[in-house]
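Notes for the one structure printed next.
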Amino acid sequence: MKIGFFGVGNMGGPMAANLVKAGHEVTAFDLVPALLEAASAAGARAVDQPALAVQGAEVVISMLPSAKAVTGLYLGEQGILDLIDPDTLIIDCSTIDAATSRRVAGIAADNGRVMIDAPVSGGVGGAKAGTPTFICGGPADAVEQARPLLECMGKNIFRAGDSGAGQVAKICNNMLLAVHMIGTAEALQMGVDHGLDPAALSEIMRASSGGNWSLEVYNPWPGVMPNVPASNGYQGGFGVNLMNKDLGLALEAALTSGSSTPMGALARSLYAAHANQGHGGLDFSSIQTYFRSRDAD
Amino acid sequence: MKIGFFGVGNMGGPMAANLVKAGHEVTAFDLVPALLEAASAAGARAVDQPALAVQGAEVVISMLPSAKAVTGLYLGEQGILDLIDPDTLIIDCSTIDAATSRRVAGIAADNGRVMIDAPVSGGVGGAKAGTPTFICGGPADAVEQARPLLECMGKNIFRAGDSGAGQVAKICNNMLLAVHMIGTAEALQMGVDHGLDPAALSEIMRASSGGNWSLEVYNPWPGVMPNVPASNGYQGGFGVNLMNKDLGLALEAALTSGSSTPMGALARSLYAAHANQGHGGLDFSSIQTYFRSRDAD
Amino acid sequence: MKIGFFGVGNMGGPMAANLVKAGHEVTAFDLVPALLEAASAAGARAVDQPALAVQGAEVVISMLPSAKAVTGLYLGEQGILDLIDPDTLIIDCSTIDAATSRRVAGIAADNGRVMIDAPVSGGVGGAKAGTPTFICGGPADAVEQARPLLECMGKNIFRAGDSGAGQVAKICNNMLLAVHMIGTAEALQMGVDHGLDPAALSEIMRASSGGNWSLEVYNPWPGVMPNVPASNGYQGGFGVNLMNKDLGLALEAALTSGSSTPMGALARSLYAAHANQGHGGLDFSSIQTYFRSRDAD
Amino acid sequence: MKIGFFGVGNMGGPMAANLVKAGHEVTAFDLVPALLEAASAAGARAVDQPALAVQGAEVVISMLPSAKAVTGLYLGEQGILDLIDPDTLIIDCSTIDAATSRRVAGIAADNGRVMIDAPVSGGVGGAKAGTPTFICGGPADAVEQARPLLECMGKNIFRAGDSGAGQVAKICNNMLLAVHMIGTAEALQMGVDHGLDPAALSEIMRASSGGNWSLEVYNPWPGVMPNVPASNGYQGGFGVNLMNKDLGLALEAALTSGSSTPMGALARSLYAAHANQGHGGLDFSSIQTYFRSRDAD
């Protein structure tokens, strides 16, 4: 298929490359020339104007860093929404607030276009390996139409509900991820403070009712698991700053609906403190170091 | 084998019954006559004095509700420690604080007896089904000696480390369980507050990085999963009051070691509020109702 | 002075009445006829079009419930900003987010008008008694110009800094208020749970290092202090829903600046749970009842 | 009066010295010779055996660091309880758990002695200046009997209730102190993150509903207030490790009574993290630095 792809950065770049690998014809646009060059090297056709990426596209995919960027791309002064063929499916993979997601999809619908939200869970590593999860919101038939393409880029494709539901489900998921990652880190540290071996304790909790994704595939204690950021100086992976962005979206959603989220709100404050203490660039499992004892000053 | 079994209540009763089923000769003692009768009906020999349960026992197992009960049984005025044959292995399955566990095992060792701690994770339902997890602390060879017996009563047998380590690992695990149960409950409520279907959201998070034991086998939202307390009016299962007991042990451990456990401490306060609001007798997944919107007064 | 007053509800009504009492000529506008009638009864001139309240006004004051209402009034299709005489000082007493406050004041400045933010702390009771605090943001000379008028309506007038600073200072204050109110409530309940008399404990903490505004003038335990909502079934005062609104503004501000606010975030989640449990209409000191033991279900 | 004084360290030393200044005859005992020498230099008679400090004493005062030390002094193998004249009033100023306090006082009562608990709030600085608060538990007439002596050492003398009530009230107070200190610190940082001046914001909150003891006399932002630890590199004052000890006592009390203390529990975890990050020796207002932004690593 002919695909117009907007945003080929850390996440979008590997996703576009995986579409190329699957045999699709990808035309890429990005504001950063170096990213466009990388996309070109990966087999995409690079263009220097948004309109050129829309031309002839059967599907338009966007992967942008903020709500402002998404509204700018589709609805801004040189917005592409009107240029997109009404038969073309629009898939926005950006993680943004659900309200904006619904608003842009609503305007698209008013103009006869179908747009779904399909934010990604699984990080940059997942994007490269083609294993992330896409969590979609929008009409069921549109999500089904998108599914084969999304399967070129990810492993699991879910439909959470109508427009915006993909965004809501993703931030619910990432809020819960932050909660059990911190919970795991503090449980491990407490065990070690009482003389336990972190690997033994990890295995016990993983196989018991404490089991969770962090213990299963992303253990935060250095050396317990190979090939995870914790065993590589907390480099790579899913950065603290990105987790903070998602937790911010989660808390905004909680404020909108008046929901009480004590665990998620605490997770956000702990990650914010961790970032402010200078660790925003590390992987989010580095919250383990927050609990570590240091020499007194 | 000949087993002296002390404490045949909600947990100990089914455990003793499973030992009988496996062909062991169980002599049971309990302060509550009705419990002893039930044990007798399940095939154990009931005795009305502790000393009689020790006589000839190759293994002594205790399953008691508090540290005070454990010290009373073994070290009290009519304590049984001195009556136990030095070759007899002592397995204390009670969930108590690690310090007491270490102290009693230490006194046993000073008197030439081997005692391990083997607290149970998995609740009353698990005890009946013979599927709970035993988390052991003590000498490696003693744990290996206990393993065949423990396997008659449970599915997974772990050794966490030396004496007391079983207790530490269990409360680390249960603290983490409380954290992800509450985190799951608040994430589900927030999703529903934004119009999502709780079953769809549960499935998405279960299969994504939010995945945890609560979503896997113990979903707190009524009707999402059959055969869990949430789908049965939060009856049965693992009570809020019992979770509070374990969270109390966890916080005491954190105070002892000076560990920071923000998530676990918050979980304890939320479960304490939930109990004080009148729900201590419900299953611990009833924390879901804490987040539910009610009519204004 | 001739004053155009917009928004004469729970807070604005008494404020306008106090200006009248002080001898000022107040022309009031509100979308709700009943409120306008009440303002008229209090001596203001009621008009049914915003433009009529601006005509001849030497000062324009607004007291509106949301950022949307403020932008609508000044910048909307029938916005009054352009109708205001350039020599007229604009005082917005609404509690809204600082970003909107700065934006509207900035547009006013670009159009040659001076606008300050002057949100109010002290509740409806304070507004009636003329005792609330005004926390101002804007040019120092404009705040000085506003001071005599504000002193007709309130007791303390502060300048927190430039445009928007009044909003920031107010939500910092109210976040801290929520924190020490909940902290006070849980400390009182814990003391009572251990047999202490709440009045004796209140007096001890008030006079010691636990001392705070809640203990000083707004004790949350029923009967400890006369003439506070706690001693009147938690009626009147500053509602839980209003506190939640301010805590929402505080958390949004924390997200904007990346600040870690663990206590404030927890306070917001506890107040949200309290509201969702049906108590949003009570005074915010009713959080005391959150901690009370109830009969088991 | 003739006073036997046990424990003349950071707190007890200045207290004994103030008794001497007031004209009392103080005989001091301590396990640390250097402390005894200092007490001697301050005018007390130093003795090297507990029994010698009891001889002829009309009042016995103890100021010890732990429950173990208190039980050891009064009830240990060489315990002094039996040596104390039945007419002699015993005042224990140590901060320990209420249960131990009640137990020791109960044993004293069984043996015909009257003992009150009178823990101190106000720190080392307060002890030197003679300005701390004594929070007493015990029979009303015994507290009245103690009052003139306590007034030689402190400014405010309160009776919280029966035996142990002084301990409960003190930890309620200090838990609340920790809560509003952290709340104050995070509010100040958030204001500064939005461009406000910390001194202006402090003054606004102090005079408004956010007002509390921290803002009144112990501002945590460096330079806002002279002569506080924050303006002296967080040296002196009331150490983080001591606050952690009191928060530990508070949480143990909450566990005993099943009270929910979300704010206090969070404060304890934040102070534990602060200590573990190497700042246990600083004044407790140094929690301000926890919220400060640092360069990224």
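Per-chain residue numbering starts at 1, and chain names A, B, C and D are given in the order in which the chains are listed.
Assume a contact is a pair of C-beta atoms (placed from the backbone, for glycine too) under 8 Å apart; a residue touches a chain by one contact, two chains touch by 3 or more.
The shown structure was predicted, so the numbers you read here are calculated from the model rather than taken from an experiment.
Path length between chain B and chain C in the touching-chain graph (shortest route): 1.
Ranked by how far their CA centres sit from the centre of chain A, the chains are topped by D. In this assembly, the C-alpha centroid of chain B lies 38 Å from the C-alpha centroid of chain D. Between chain A and chain D the centroid-to-centroid distance comes to 50 Å (mean Cα coordinates, whole Å).
The distance from the centre of chain C to the centre of chain D, each centre being the mean of the chain's C-alpha atoms, comes to 38 Å. Multi-chain contact residues of chain D (touching two or more other chains): 254, 258-262, 266, 270, 273, 276, 291, 293. Taken in their complex, chain C has these residues touching chain A: 244, 248, 251-252, 254-255, 258-262, 265-266, 268-270, 272-273, 275-276.
Listing the residues of chain C that touch chain D in their complex gives 98, 121-122, 133, 135, 156, 158-162, 164-165, 168-169, 172-177, 179-180, 182-184, 186-191, 193-197, 200-201, 203-205, 207-213, 216, 218, 250, 253-254, 256-264, 266-267, 270, 291, 293. On the side of chain C, the complex with chain B involves touching residues 262, 266, 273, 276-282, 290-297.
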